[in-house]
Amino acid sequence: MKLVIDEGRCKGCNLCTMVCPYRIFQPGTILNRRGIVVPVLDRPERCTNCRLQKLHGRTLCGMCQMICPDQAVRWDEERLFERHRMAIEF
Amino acid sequence: MRHEVRFSGFGGQGIILAAVILGRGAVMYDGKYAVQTQVYGPEARGGASMSAVIIDDDPILYPKVTAPDIYVIMSQEGFEKYGVTAAPGAVMLIDSDLVHSRPGCRYIEVPATREAKDVLKREIVANIIMLGALVEATGVVTQGAIEKAVLDSVPKGTEALNTKALQHGGGLVRGRDKG
Amino acid sequence: MTFLEWFRADRLPHIYCTGCGNGTVINCTLSAVDELGWDPDRCVFISGIGCSSRAPGYIITDSLHTTHGRALAFATGVKMADPTLHVVVFTGDGDLAAIGGNHFIHACRRNIDLTVVCMNNQIYGMTGGQGSPTTPVGGISTTTPYGSAEPAFDLCALAVAAGANYVTRWTTYHVKELTKAVHAGLTHPGLSFIEVFVQCPTNYGRRNRFKQVSDQIEFLKTHSMIRQKAERIRGEGGQVKDGTIEIGEFVKRSRPAMGVVK
Amino acid sequence: MAVKLPKAGGTFIQMEDEIAGIAAVIGASWTGMRAMTATSGPGFSLMMENIGFAIMTETPCVIVNIQRGGPSTGQPTMAAQGDMLQCRFGSHGDYSIIALSPASVQEMYDLTAKAFDLADRFRVPVFLMADEIIGHMRERIEIPDAVPHGERRAADRGVLPFAAGPDDIPGFTTFGKGYRVHVTGLTHDERGYPATTSPKIHEDLVMRLVRKVEDRRHEIADYEVVNPDAEVIFVTYGAPARSVSQVLHDDADPRIGHLRLRLVWPFPDSAIRSFPDAKVFLVPELNLGQIAREIERHTTVEVRSLPKIGGDLHTPRELAEASGRCIAP
């Protein structure tokens, strides 16, 4: 599972940064195209739900998603062995 | 033949119910047309109460009473407010103990409230006694019609009492000259 | 389904300001509905007027957005005409306690089988921040620029006194507890009243020394106290600080209720 | 109704006030039920906001107003027809409604059934504007074994809930049937979603709300014409119709005609043209000339208002004298 913030919905209130026990959500610094500073994710693979939701069959913790007033936090399905595009700099 | 009947008394005597029963008898059992209207103030009990029934063989157009030919008066205040203007050709049934004045037209004294109290032991049926007297004296609806209409309208368990009251009312005026 | 699927995705993002707690309350309510596995086709969300009352418009079920203060009266009609529908009312403090105060106490008295979620932001948010019946003494609003002088309504106490079967209060900080409370309210027969203290950063926070949204959430966190604890302190002769938000369950009982499917 | 409705399988609720009463009626209507409420005078004023809501959300419902003397609490037990313009224009904004006016107990029965059918067909509040005389009167009526009972046209699946076809009336999206409709009193688009800042959407919506009723005013017009060749014509609705009928019955003068409206709004202006030889319209009303003013808008012939307030009905003699004054000797 992959933790994502929907940039089309987030209004930048930063409530997620208050409640995440792993402090994955960090206040952002850059205005996006809608003029909103969306929080940034710090090593989101640390999120319990990302790792263990499949195992337990339900949402674990989920505080960030519940408190998000704009329904902008979600976990996306990650395909097994998803290819990541890498750019190698020489 | 159009008859206009006006009932008046004080609220709580069953003035409106008496008019409803009379109208129901005419419509449901004599096959005539009837309209019942009423004037009442905001108070549910006490105060002068008036209701009226128009009975006609043809459909009734103007629904308000203009010149009643029959009056039933059950209180002095009711007489002063609604009975005093009775036309000379009208006939008036008067509760003789409760109304002190007497009209210029022909009138019949019916001690309905006293009889209800003394003979039937229930003051509440005074209006039914009046109805019995009214039908006997004027024949505005048939005897059979008023009997059935009374039975339709009174609470369950009081049918015998009310039938008796109706007949008693008729007996009070029987033998006197008819209107 | 997850609760996110209960939203009309084509309507998001919603009109609420940045940091407004209403969205959180909708999340919690829909989570509870989703946990129950209810059929969206058999649920009706009803609201009056105000920020809170825009909520049903973002939910995929049948929804009725009515006139100011009258949501409960509309809901009574829906529920009595078809008691098999699940009826949830979203309302705000101004909507419920001011113009709709009479409908509120009568719905509680009838104890009609509705779940009422009140988003109490202590102000009229949508119309520009006027003082509401729940603005606390000293609270600054556009109509109480020197601090509100009027005592505020305790909506839960009012609901209990008027006869609601289930009454509880939480805040937007307590999302898990709130979800459980809505769950309990939805399943409990009779009127369930769930009051939620929500932050209104735009019209309340800004005027009442909460610089950030987080400051107001911090306030809700630190100034709320479980009711039972507050009562214990009082029972021991102690003092509960003024302005403490007493949270938790106020009543859960089984008075005869209307509109319950037998 | 409290006695009879539960026995007939219905639900009766005594709400806390008239505002809640009309609100509950609208709520009930959205579950697909037929719903009505009844009031008099001040209660009608209280209902006005939610009547507007019913119009905007196209909710079928029936509201009975037994008119009394006003303004304010006025004469609680006396007759009047002073709310005829209020029912048409009382809620804010532009709209159109349907109002019926019974002149007998029989019509009270018949028009109530008709009101429900019109409400369902047009998706609009329908008013039964009676007066205290008709409301408190008892008279002979015949109750048929069954009344014609139209059905609300259900919305087609896949069509947007507030998208109307050529007849301007959208199909009904009953709650609980999977339409997942959002109903709001705000200006809304065809999906039912609020769209409050678009002049185009607002204009389209309000024009349709008006058009769906006004364009069919001739089709639904319900009136009675007596002596179409007459020169002096009484126009009535409600109780004063009885007095005029008495006048015509007592003196069958072919020069005097009678237009009796059973449906007052949308105003059936074609009815006025039923009297090509008209020289004067006399309008006896239990108000200060509310519908007389409407008639004036539709004719070049003289319109004379015969107002009467205070609670009494025009007597046949008063009206006979009024018409006598208009007839050349």
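Lettered A, B, C and D in written order, each chain numbered from 1.
Here is the rule we go by: contacts are C-beta pairs under 8 Å (C-beta built on N, C-alpha and C of every residue); 3 or more make two chains touch, one makes a residue touch a chain.
Note that the structure is a prediction, hence the values are computed from the model and not measured.
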| item | value |
| --- | --- |
| Selected pair, greater C-beta contact count between A-C and B-D | A-C |
| Chain closest to the middle, measuring from C-alpha centroids that were averaged per chain | D |
| Chain centre separation in whole Å, for chain D relative to chain A (CA means) | 59 |
| Approximate Å spacing (C-alpha centroids) for the pair chain B, chain D | 37 |
| Geometric centre distance via CA averages, chain C-chain A, whole Å | 28 |
| Contact footprint of chain C on chain D as seen in their complex | 11, 13, 15-17, 19-21, 23-33, 35, 49-50, 53, 173, 175-186, 193-194 |
| Interface residues, chain C side, partner chain D - complex | 8, 11, 40-42, 44, 46, 54, 56-57, 60-67, 70, 73-82, 84-85, 102-103, 106 |
| Residues of chain D touching chain B in the complex | 76-77, 133, 136-140, 239, 242-243, 245-246, 249, 313, 315-316 |
| Complex interface listing, chain A residues touching chain C | 8-9, 11-15, 17-18, 59, 63, 65-72, 74 |
| List of chain C residues in touch with chain A within their complex | 2, 4, 7, 12-14, 16-24, 27-28, 31, 172-173, 175-176, 179, 201, 212-214, 217-218 |
